[in-house]
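Sending over a structure as structure tokens; questions will come in a sec.
We call the chains A, B, C and D, going by the order they appear; numbering starts again at 1 in every chain.
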Amino acid sequence: MNDNPLLSVNNLRTWFELRKWGFFHAGRVKAVDGVSFDVEKGESVAIVGESGCGKSTLARTILQLYQPVSGAIAFKGENISRFSKEKLQSYRAKTGYIQQDPYGALAPFMNVRKILEEPLIIHGVKKSARRRRAVEETLYELNLTPPEEILSKYPHMLSGGQQQRIVIGRARILEPDLIVADEPVSMLDASVRIEILQLLKKVQKTDGVGLIYVTHDLSTVRYFSDKTLVMYAGRIIEQAPVKELISNPLHPYTKALINAIPDPDAVNANSLRKVPSGEAPSLVSPPPGCRFHPRCENCIEGLCDVKLPKDREPISGHKVECWLYE
Amino acid sequence: MNKVNIIMKNNPGKNTKVSSALRTHGLNLNFQTQKGIIRAVENVDFELKDGHTTVILGESGCGKSSLARALLRLLPNNTANYDGEVWLGGRNIMEFSDSQFRTQVRWIKISLVPQAAMNSFNPVTKIAKQIAEPLLVHGKVRSKKEAMRKVSEVFDLVGVPQDFIGRYPFEFSGGMQQRAAIAMALVADPDVIIMDEPTSALDLLTQANIMNTLKKIKWETGVTYMLITHDVSTSSELADDIAVMYAAWIVERAEAKDFFDNPLHPYSKMLMDSVPRLHADKTPRSIPGTPPPLYEMQGGCRFAARCPERHNDCDREPPVFEPQPGRKVKCWLYKRN
Amino acid sequence: MPDQIKAAIQEIKNYPSAIFGICIILSLFSLAVYSVIAIPYQDAITLWRADVGIWDRTPRNARPAWFNWVPGVNLPQNISSSSQSPQAKKEITDLGNGMSRIVIELPFRFDYDGFPKEITLFFDAEYTETRPWVSLVWHTPDGREIDIVEQSIREQERLRISQMEDLRENLFGYRPLIGLFMKPESEPPDVKKGEYKLTVDGLVFEEDAQLDVDIVVYGQLYGAAGTDHRRRSLAVALMWGTPIALAFAFLAAVGSTLTTMFIAAVGVWFGGIIDATIQRITEVNMILPALPIMIMVGILYSRSIWVMLAIIIILGIFSAGIKTYRAVFLQVKEAPYIEAARAYGAGNLRILIKYMIPKVLPMLVPQFVVLIPSFVFLEATLAILGLGDPLLPTWGKVLNDAHQQDALLSGQYYWVLLPAFLLITTGFGFAMVGFALDRIFNPRLKSY
Amino acid sequence: MFGKDTTDLKANYSFLFMWRHFKKICLYILKRFLILFITVTIGVYLTILVANMGGAVDEIREGQIRESVSMAVARDPEFQELSSDERQGITAQRVELERERLGLDRPFIVRSFMYLRTALTLDLGRAETLRSDSGSARVRNIMLERLLPTLVLFGLADIILFTVAVVAALFLSRRYGSKLDRAVVALAPTSAAPSWFYGIFLMLIFASFLGFLPFGGMVESPPPDTHLQYFLSLARHIILPLSAIILSAVFLAIYSWRTFFLIYSREDYVEMAKAKGLPSFSIDLRYILRPTLPTIVTNFALMLISMWMGAIVLETIFNWPGLGRLLFRAINQYDTPVIIGSVVVYAYLLALTVFLLDIVYSLLDPRIRVGEGTENA
């Protein structure tokens, strides 16, 4: 208890107002609806879920790109929602952000030098020689050599893999303690993906930063993360170490998810997969009780469709939010 | 531990002799652009076996989508060269005139499930009407009523609820639109259905659901699929045969089982190695380098620059070798003798 | 940015119409610069206000001088001859008693096919009490001498020979400006070409008295652009109209596009109530009839071109452009690089100015260029309605005069065509460049 | 979005189903109407504020009160006997009373709202010098009399413009890159000039040079007696202004709409329609024209708004007895009530344009017809 976790998220809710005519209330999107978890220093945490489950919103809320409506995010024991402007600015320097679309993440009208210098300028590195050295060092570490050649290039002149390297470089140029990577490889070609993930892993290990890896692809998590959180309809329904989660999923949704992902094997073509029917619920009006109950074959009537299950830890280090483990 | 619910189903015609639904020989498709001529499809030979599913596997930009367009003669304005042979039902449909092609091939012989279903429906027309359209155009039904009956049949087949018949595209969710696109491809009972990344934009569970649906349809109707994808794992859900495409060439053709167990072409091997696996403990490895852009290709093997097994022969374009019966590889490593 | 501009310049070479447009713009610009240098502002205003005496010696409603370039046309130019000029002869004979006889001969050639518009003599006499007395004799090339008039002269006497009814009787009923120049007994009257001469035989009755005279034979042609009903040379108005039109349109375009874009960006970036308010204001503004409002302000407050400019800019800020920019900014706002910038701590102003606007600026350039002609024409529109600037000579005011004077009905086409030509040239020049730029900068249009 | 509708297959084609659409459209139209009305009200209020900054509206009102009061005093036999000084005293007294009754002594803000009502109903009192053809001096009568000619000219021009431009644009988009296409693209800058500008040229050529057509006016003077002759005369007179309006916008419309067609014809669903084996005629009509129409209508609305302004001068040039010509005369005679009235009427006309195109849009876009409102900002 003496050592605070790097990041501690507690019962976080991020909702969006829908407005009609720009003025009148027309509903709320409950993208993140009561989420708690910790990230230790130097730990790599994966958040897994389907598109629209709120995982990107969660990542952005952690980065203070969205304001939560309730709950708390503590960074090194301090509640960031109470941060002053200066404190928030220094928090931004301590967090790095890697996005899904590397081309979109780079301003098309800036060259690589400008792109990498921007965070330094904003955070008060006034000497241009110092900025230059930092930029060049970063490029060397990312294997983008020779720097002189890369520096004057515009994003569209680089390949997808190179672009994503620049994005990674920008995220760590301020030497942050936490990096949030939101689907960092899903838009890259299969052959480049592994390369980028390995680079990210290397960066995380050498810098000892905490890493939140947001993805829909469980199979990449396996080689990459310490802890895995599974998100469904705005809530974290299961969290466990990766190997444990894959070999022993507890929540019916996690089971279905793991079941739905094939490994390349000719046998697959001869069988049907057991998959829950239906689609993920709308975040504006999620079903009452457990969010997964309408698609769940283990649904207990009168319970799952009424009350939200509590967080349980049936196996040490393996939490699940499901009435089956009550 | 494998939790897959196995419903064994004999692959149709696995051991009997299969006729081919569609066969190409020396198919080419080039585009003229400012950067030069883009060779999207070059000298492609392949075969879709009747009732089988053939997967065209390749990374983005390898020409696999152009191959689909070449088969349906959906050519952009800047097409520079389009030739070769496409045999369908005993006739070379490349010799058809445009109007012949339209009335005799499109949709009644070959239909298409496009990559982005949400953009493939006219937003101002009801989806059911758009599905019924080819039936009416090709005279497959006598009345609109009959056409709508057929639409409601295919809706059942792909799992779109009946009350969606009166709806516009924007009232469908992404998964439903994809199902509707499959329904549209099925509606005129075509010989071949080309599916261009039919599930890549969808959620995992929806993806798996649609794969199940596709499998069921295949088993029930014996339709021939040509599945175009970059996703090796998903492709294994449907594949009977595999053709690997790299830089406008088909570099390897094999039956799925042989291919997944033992890929032959160096690119195929590396591609298989780059796939992260969920259920097996095997660290994936990436393929160094990038594929050559399709507009500045040199002579010789196009994979040579990235190939760990490259040797002197690779300066020349490799012919297609057949190291084992039924397996074709475009690589000098399999030169006989 | 410099890269993009370089690329745009490279690309614009592929559009011949844009090159042509740029040439037009450059020549208009040079004309504007030349006009401002050649005729200083104050002079231009004075000339256009046409104070008494300024435009006495130009013909009324004359066609442009280059009309004679048309083969077979040889209309009279404006001719003036002064007693002080070297060609003129002036003999002074002292008659004693302070009296003198001053004989002035004013020769001039008349080689045209048409008759002049007017003939006027401008006397400049100096005396204290007694007016000089002159008798005028007209010498035709074939040696005839026609007495015109004998009369006393005031200090700044003007003799409008062409309007002398008595003379008309002497000329067998022909109006003087025909009768004096025709071949005798030609029917219809034909011009006798050659050397004419007017003799002014004057008597002055005082010691220091002086007598000088200028003859002006008003041509049917004058200057580069002809003259209007107030004898003003249209060249002045047309030349000075150029810098005014360009400056007005440029300021209006800058004022409305830049602010519009900035406000759209602010609305999109801050969103919520600010955005909604901006949008609602835009909707109200869109149904406000801009021209009638300008008319109202023109009538009730001021017609100054600068007041109009201010109103145009105010009404233009919340124009439909906001909706267009808003749509683009909404996309830009969602761009991951903006989100990244927020994540590494860029402030609102930095994001607006360094991240959002540079992305959309290329879109502004063609819009800006395309807008310029519409403002040039707007000035003309206001002028046509009689709401032109009271002081400045503009193309629109020339058109307005022409319209008021029914120029088309009376066949004075040049009066309409010249300002119209300048308007349409300006319009086309900018529009051609703007359309080409639109296709270069707007990726959606690029391939079409 | 889905799942809550349980109507079965048959019901989809039933009357009830159509009724659902109809109700949605009506609701949408009603909503748009209310919003536009509020918009117009705000716009007119702003106009009043601007106009009254110079005290113009106040002056008009006071002048009218004084006039009517002094008329009443002069006519009243009770005061006939009194001296003119006394009468003036009474007049002044009554004017003061009337001012109080009408609230002219109240604060500006209160008054401005009172004016708003009178302006919205065009109840702007009497024109200063202008009279309607029937001799009325009431601003409302004068304006309403001029409305019809304007609507005839402008409405007809818009309908022709829209039809011609859509057909030509679709035709050219199919022949993209041809000589004709490039010619139209090159001609697009001609729309930089407003309609009155082309009016001058057309007048020069057809009226002045060739003498085929009249210089201006709506019909011959005196007006023909029979309906047929009246119509023929109208037709002869309308040709030039009509052509001027169309000429000023048609090339830009064709160019931009052709570009819309080209952009929309790149949509995936067009390729799908081709893959389905649809004949190219059906593709053009159902897969390119139909989905592009909402965009075109929006574009057309913006175009119309700017064309209204050109029409004011056009009417002046051609002596067309519409609102624009009236406004021009009001300017020359400093008839302030008519000028303010014109601003209001044009605001109404612009709102009406937007409203009509809104209705067309709602019929074209199924999202409005069947979907939830799409107004979420």
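The rule is short, and it goes like this: a residue touches a chain if its C-beta (ideal position, glycine included) is under 8 Å from a C-beta of that chain, and two chains touch if they have at least 3 such contacts.
Because the structure is a prediction, the values reported are computed rather than measured.
Looking at which of A-C and A-B shares more C-beta pairs in contact, the answer is the pair A-B. The most central chain, judged by C-alpha centres against the centre of all protein C-alpha atoms, is D. Averaged C-alpha coordinates put the centre of chain B at 69 Å from the centre of chain C. Between the Cα centres of chain A and chain D there is a gap of 54 Å. With centres defined as mean CA coordinates, chain B is found 33 Å away from chain A.
Contact of a single residue of chain D with at least two other chains is seen at positions 1, 176, 377.
Counting only residues that touch two or more partner chains, chain B has 173.
Each of residues 275-276, 279 in chain C touches at least two other chains.
By the touch rule above, chain A contacts chain B in their complex via residues 50-52, 159, 161, 189-195, 198, 216-220, 222-223, 246-247, 255-266, 268-277, 279-280.
Contact residues of chain A toward chain C in the complex are 19, 21-23, 60, 63, 65, 89, 92-93, 95-97, 99-101, 104-109, 118-119, 122-123, 154, 167, 170, 174. Interface residues of chain C facing chain D in the complex, by the touch rule stated above, are 17, 275-276, 279, 283-293, 295-301, 320, 370, 373-374, 377, 380-381, 384-387, 399, 403, 408-409, 411, 413, 416-417, 420, 423-424, 427-428, 430-432, 434-435, 444-445, 448. Contact residues of chain D toward chain B in the complex are 1-2, 5-9, 12-13, 17, 176, 267-269, 271-279, 282, 286-287, 290-291, 294, 364-367, 370-371.
Of all the residues in chain B, the ones that touch chain D in their complex are 72, 74, 77, 102-103, 105-108, 111-112, 114, 116, 119-125, 133-134, 137-138, 148, 152, 162-168, 170-173, 176, 184.
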